[in-house]
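Here chain A shows up in two complexes: once beside chain B, once beside chain C.
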Partner chain A sequence: MNYKKFIYSVLFKLFTIFLLILLGLILLFILIKTIPGSSDIKYISTAFSLERQQELQNIYGSDNSPILVQLFKWMKNTVNFDFGHSTQSGLPVKQIILSSFLPTILLSFLAVTWGLLIGFPFALVSATNPGSKRDKFITLLMVLSYSLPAYWIGLFFLQFFSYKLNIFPSSQLFDIPGIYPSLFSKFTSVLYHLFLPSLALGLSFAAYFYKYLKTKLIDILDSEYILAAKARGLSAKTIILSHIIPNLILPVLSLFSTITPLFFSGAVTIEYIFSIPGIGRTMINAAVARDIPLIIGGATISFIAIMLINTFYDILLVIFNPKIKTEWINETNNK
Partner chain B sequence: MKQIINEIWQNRNFKLGLILLLLVIIFSAILPNILPGDPNFQNMEKCYTKPTSQHICGTDNLGRDIFLRLIHGSGLSLKISLTTSLFSVLIGLTIGFISGSSPKSIDYILMRMTDLFFGFPKYFLFILVLGFGEFSLLKLIIVLSIFSWMETAKMVRSETHYINSSLFVKSAICQGLSKSNLFFIHYLPNLAGILISSYTLQVSTIILVESGISFIGLGVQSPNISLGTILNQARYFPYDNYTLIIFSGLFILLNVSTFHFLGDGLKATTNKEKFQK
Partner chain C sequence: MLMIKKLFPLIFLVLISCSKPTLEKDIITIGLGYEPESLLPLFPLSATASNVKSLIFNNLLKMNEDLVTFSPELAKSYTFSDDSLKITFILNSNIYWHDDEKLTSNDVVFSHNLYTNKLVGWDGLSYKQNIIDVIAIDDTTVVYIFDNKTPFMVMDAVEGVILPKHILSKVEVEGLFQSDFGHNPIGSGPYKLTHWENQQYIQLEKHEKYFNENKPSISKIIFKIINEPVMMVQQIMNREIDMASNIPVIYLDKISQEDSNLEIVNYTGKDYDFIGWNMIDRVSFNQLKDSIKANPQTFIPLVEPHFLFGNKRIREAMSLAINKKLITEKLFSGNADPINKPYVLFGTKQLNTSNQYDISKAKEILTEEGWIDSDGNGILDKNGKEFKFTIYTNSGNIIREQILDILVEEYGKIGIKMIPQKVEPNYLVSDIVPNKKFDALLLGWNAGIKPDFTPLFHRSQYLHPFHLTGFYSPEFDDMNNKLLQSKNITDFNYNLDIVLDELSQNRPYTWLYTKNNILVYNKRIKNVEPSIISPYRYLEYFEL
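What follows is the complex of A and B.
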């Protein structure tokens, strides 16, 4: 393999990602400028001394410099991860956003796990006997799970499992006293609290995964190496473990790269129902309180994170699949 | 052409979708205009009633008739999603076609733009745009369509590449057909299948997204009703009253699955029929 060319193409990829992030930031800036009004009136009273008014204006107030200067300033602040202070709590935006990322990422991770646990076996059954009664039943079930939004499932779970049966907590991540003897019990409490929300979200992911994995599985099952494996008399278990699953790694990886945005903003409704202190709930509260810096910071940080994670996936894909490597090199040479 | 219609007609998903579509039309287009009564009429003496002969689906926390609210709400939800999908398919067609028929550098730039839009955290931008200023349906529709054209664009692009390499386009170019004629005579009819199927599939996703946004309280505002705003009230219901959850779930299920089945059926047949002529 031609390593020099490959490294060149990776650099080219990184450069385009950099340009894309820059472009995205400009688009975000335009969006931000369309927000009417500003939040400074709420905090700056004429009863303050002039110095104090000026100080508050610098922290919370809107900027009156020319638009290009503002854009440049905003870029500079974004590079420094400085989005100002929240107008609700006065804390730095960076701190609020970063601390609310953890619950969301944990929730989405659990939901994706549920989605794969439900979607993959169903896809396997459907793909191995297409057209059978079982396949039709599963397809119907998956249309159901696709058509019902996650928050509907969440509301139903909430009403049935936590209000009626009272076996799962209905909100937050910790019990009310919030005192745990060890880190482990704290962690299990979080998992216990996240059980219903992640299952609700996972059920809506499952339909998506099922559809995607089914088509990929049918492709794989049609291929000649599976036929050869069957002809050699390998058991179904061996075929699944050593022929089907390794070939599924790539599609699953590219599936993950399409759902990274969901990792950050897909759980908004679920967080809203279950009062999970994640990024989605923070953003909704910020919108209600007109906390503009917080919303801007949240959107920007998650946008940059999504782009970086997708780049990481791309590079991971190349490591797993040499075919894409040549594609990249060709792409770069064409420019 | 006749053969294609026959083929579509024989698809079971499509037939099921058509039957469901009839139900959707009855429930969300005809009934709201026929049935008397104001969906926002409150009767505080009759909160949380279970289904009776007077209120088929019971009443909600403010004593409003749930059935009336649901048919009006699903009507508005459908209006929003039908127009939004139209816009998003048009944007997708424009970008996908330009990208598919342009030199590689422009294609590359447009495709990276598409990736960029894929990468935006959609819900946060909805919050950013819809959370401030006055709410209007037009704003909601524009925002929704700006962030939902990407899949159509990718499909149109690959289809355009496919058509580019076909003989009839090459011979048409040799005969000196102008670019606009080429588009309307050769590309558009061949792209139509993809456009229609992605339109119907898009409708079902937009219903879900729109009701999600309205559920959070950022989408449709009262006195307008959408499926999401109705469902929002379910959070206030007592634990043994499932009426609102069940019935609004059924309505969302009906609306989404109808367009899902229709789109699936159309997609299956258009993919099979591709370039048999």
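What follows is the complex of A and C.
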């Protein structure tokens, strides 16, 4: 019975998310439509008469039909994942966005990995030795990492590792096309190219993780079950693996849901500096060229992706925390 | 933990084993500041896209450096008929498209029909207006028939690359822009496109069946897309790319001082910047817009002049107060030349690069026109109205923004208050310009090979957004018509001089400067000959 109720509450949550997405899309549409000026369509040349230019604007660019009709058309197309064609290149928006998403997701994943690899050990050292010299030094390092913008760190890495030491590539996602004997060799090349940008971005994430995890760790270390574990004579390794890490899963999931939007917005400057063909760089180029179908398509997909990822985190939280599960069920029953 | 410890060195080794990109033998890597939007030659392409396109497609003839004569390309020869109204082109017999289909005169006819199709709206349409018909006699013979004899008949015929009929005839004209051809073009040129990675690389490979006896010597050309000029400079100095054009002048000293393996070439460019003066009153223009559309001849003269720049003498004073030499030296380190007339590339026109900076004369004219500082507040005034105007430019162009700073100071010296406005380019083009919501504009154009001032100044284009200034002169219109109807080069040059003088005397624009293009390349490449036509001219014959 409880299981059924839970499924029902998940479906209810998904329905709420659907309504939120709908509302968000309407707001997004209104916002974009209120921007002054028209879409700059590359192929409408000056050789056309003014009348013909207007006709083509209507076909390929800003639609002159009533706003509600445009909204309805847009919603229908969004459901079909059809955002039209880029006014600059003529390519389908869907194709451009999908090809840009993968590098951004990969970059964000690596950055988060760096963030955890750096942030967690530092948080552990600080939390276990509060007020010590080590704690103070690490805190200083993390404050520095938090204060320095990712693009600055990126530029420094470029200058030092790429141009001075010449050991990392300075741009692009992989080496010259067509030289890879296998998919694996291409993948390693991608990892190699993403090393510096993901580290630059990861350092900012590390500071976030450090600050958040340190507080949580101090709470956990002060808890009675840790004291009991210590009293039972368990080794530090066992305490970390069996007691601390499992108890950190929930806070880390909450943290992830907070920083997910940063995957899409925070990576923009890094993508630009390192010439990575991600969604951030694509959207900047689209905004500069006023490629409205691409702007709308990119914003829509980013928005839906963020909402869905957050819902996914929420569901994971519920799975890992029975207390939240009960709250969800009660909330659904009340409505 | 142990597993992580074991994995770390492995990951590190994998990463380090990936080779750092270096310049390779037989491959040239060129940095591009922007990704070409498309390579479909039917639609207006950026300079970057045109440069890449020129390696994939061919014209019937190749334009020479003088921009007047031509060398054989797809056509090995051409002859005029006795009445000089027909040109017969004989094509090479061994021309193949990149997909191994044979190129014939039917492709030439097809391309002409596509370029002149009104639904396509090709931006070079004016080149084809004098051509009545194009007929394929046999596979290698094609005849162009003209309406009138002009000095540009060969140029008109060969403008526009030849396109493959067997591919594009299957695409609806309305769907051409969105067709796959723009990103997977099939041409007949020395290189074929083999790879296009979004925002990363464009890779071209040697066309093995290229018709020319001199086969391309470089096997692969890779265009690497690098948006940031600083990164472009770093990569060329770091040997990640071989060649880059339009490097900002501020980096040239660093390159020449720190890297003796790089060559910097400075060559004539097509771009020029100007200030366009709004000569008409905005309210009056917007009121008469619809009437002008219906009857331009009657209603254009009724548009009220602008309270400042409707006066030719004021425009003269404004021009005299600009120190163009200061701009070209300070902002371009001498890589630009001041100009005082419309910039034309055609023939042997020499630039008049004198500075014409005369601030006391400017002051004198303004006083004669009644503009004096009567209330002593440092700003000239007349009938209670201050000499104050707003000038717009597109944001993001650092040079233009710096010019505005210089102008504020220069005009301030003679009691003129200039309000600079930097706005988003699309907003400027779609709202400010067509509705004449400006007093002046700081913008730039790209000079066409064939001089034609119709879109910018002729009354027939009065309502077109590119007709920026509201300039109207029946005398100029007649002169311009005469220019376009010139029967031979001598006539054309004579008429061109008259048109240029007329424009420079009326000053709808203050022409500021023309910029030189800069190409930086690694000295390992030989035979580099950048020209106004393309920075990668004769790239197929570069040697390593």
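By our rule, the second predicted complex is superposed on the first by the 309 of 335 C-alpha atoms of A that agree within 3 Å, B and C clash if a C-alpha of one lies under 4 Å from a C-alpha of the other, contacts with A are read in each partner's own complex, and residues count from 1 in each chain.
FYI, a contact is a pair of C-beta atoms (placed from the backbone, for glycine too) under 8 Å apart; a residue touches a chain by one contact, two chains touch by 3 or more.
This one's a predicted model, so the numbers in the text were calculated from it and none came from an experiment.
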Inset, instruction - Could you tell me if A:T16 is touching chain B, chain C, both of them or neither one (first, second, both, neither)? - result: first
Inset, instruction - For A:H85, decide between first (touching chain B), second (touching chain C), both and neither. - result: second
Legend entry - First, second, both or neither for A:D175, with chain B first and chain C second: second
Inset, instruction - Please indicate which partner A:I167 is in contact with in the superposed arrangement: first for chain B, second for chain C, both, or neither. - result: second
Inset, instruction - Would you sort A:L183 into first (chain B), second (chain C), both or neither based on which partner it touches? - result: neither
Inset, instruction - Could you look at A:Y272 and tell me whether it touches chain B, chain C, both or neither (first, second, both, neither)? - result: both
Inset, instruction - Pick one for A:A231: touches chain B only (first), chain C only (second), both, or neither. - result: neither
Inset, instruction - Return first, second, both or neither, reflecting whether A:N310 touches chain B, chain C, both chains, or no partner chain. - result: first
Legend entry - Partner chain in contact with A:Y146 - chain B first, chain C second, else both or neither: first
Inset, instruction - Under the contact definition given at the top, report the residues of chain A touching chain B in one complex and chain C in the other. - result: 36-37, 163, 272-273, 288, 290
Inset, instruction - Spell out the part of chain A that touches chain C in their complex, as residue ranges. - result: 36-38, 40, 42-48, 50, 52, 56, 60, 85, 88-92, 96, 99-100, 158, 162-163, 166-178, 188-189, 191-192, 195, 237, 272-273, 275, 277, 281-282, 285, 288, 290
Inset, instruction - Going by the contact rule at the top, pick out the chain C residues touching chain A in the complex. - result: 1, 11, 14-21, 24, 27, 29, 35, 37-38, 40, 42-44, 118, 121-126, 177-179, 182-183, 194-195, 197-201, 203, 222, 224-228, 231, 234-235, 237-238, 240, 396, 424, 426-427, 429-431, 455, 463-464, 466
Legend entry - chain A-facing residues of chain B, complex: 104-105, 108, 112-113, 115-116, 118-125, 127-129, 131-133, 204, 208, 211-212, 215-218, 231, 234-235, 237, 239-240, 242, 245, 248-249, 252-253, 256-257, 260-261
Inset, instruction - Flag every residue of chain A that touches chain B in the complex, lowest number first. - result: 16, 20, 23-24, 27, 31-32, 34-37, 143-144, 146-149, 151-152, 155-156, 159, 163-164, 258, 260-261, 264-266, 268-269, 272-273, 280, 283-284, 286-288, 290, 292, 295-296, 298-299, 302-303, 306-307, 310, 331, 334-335
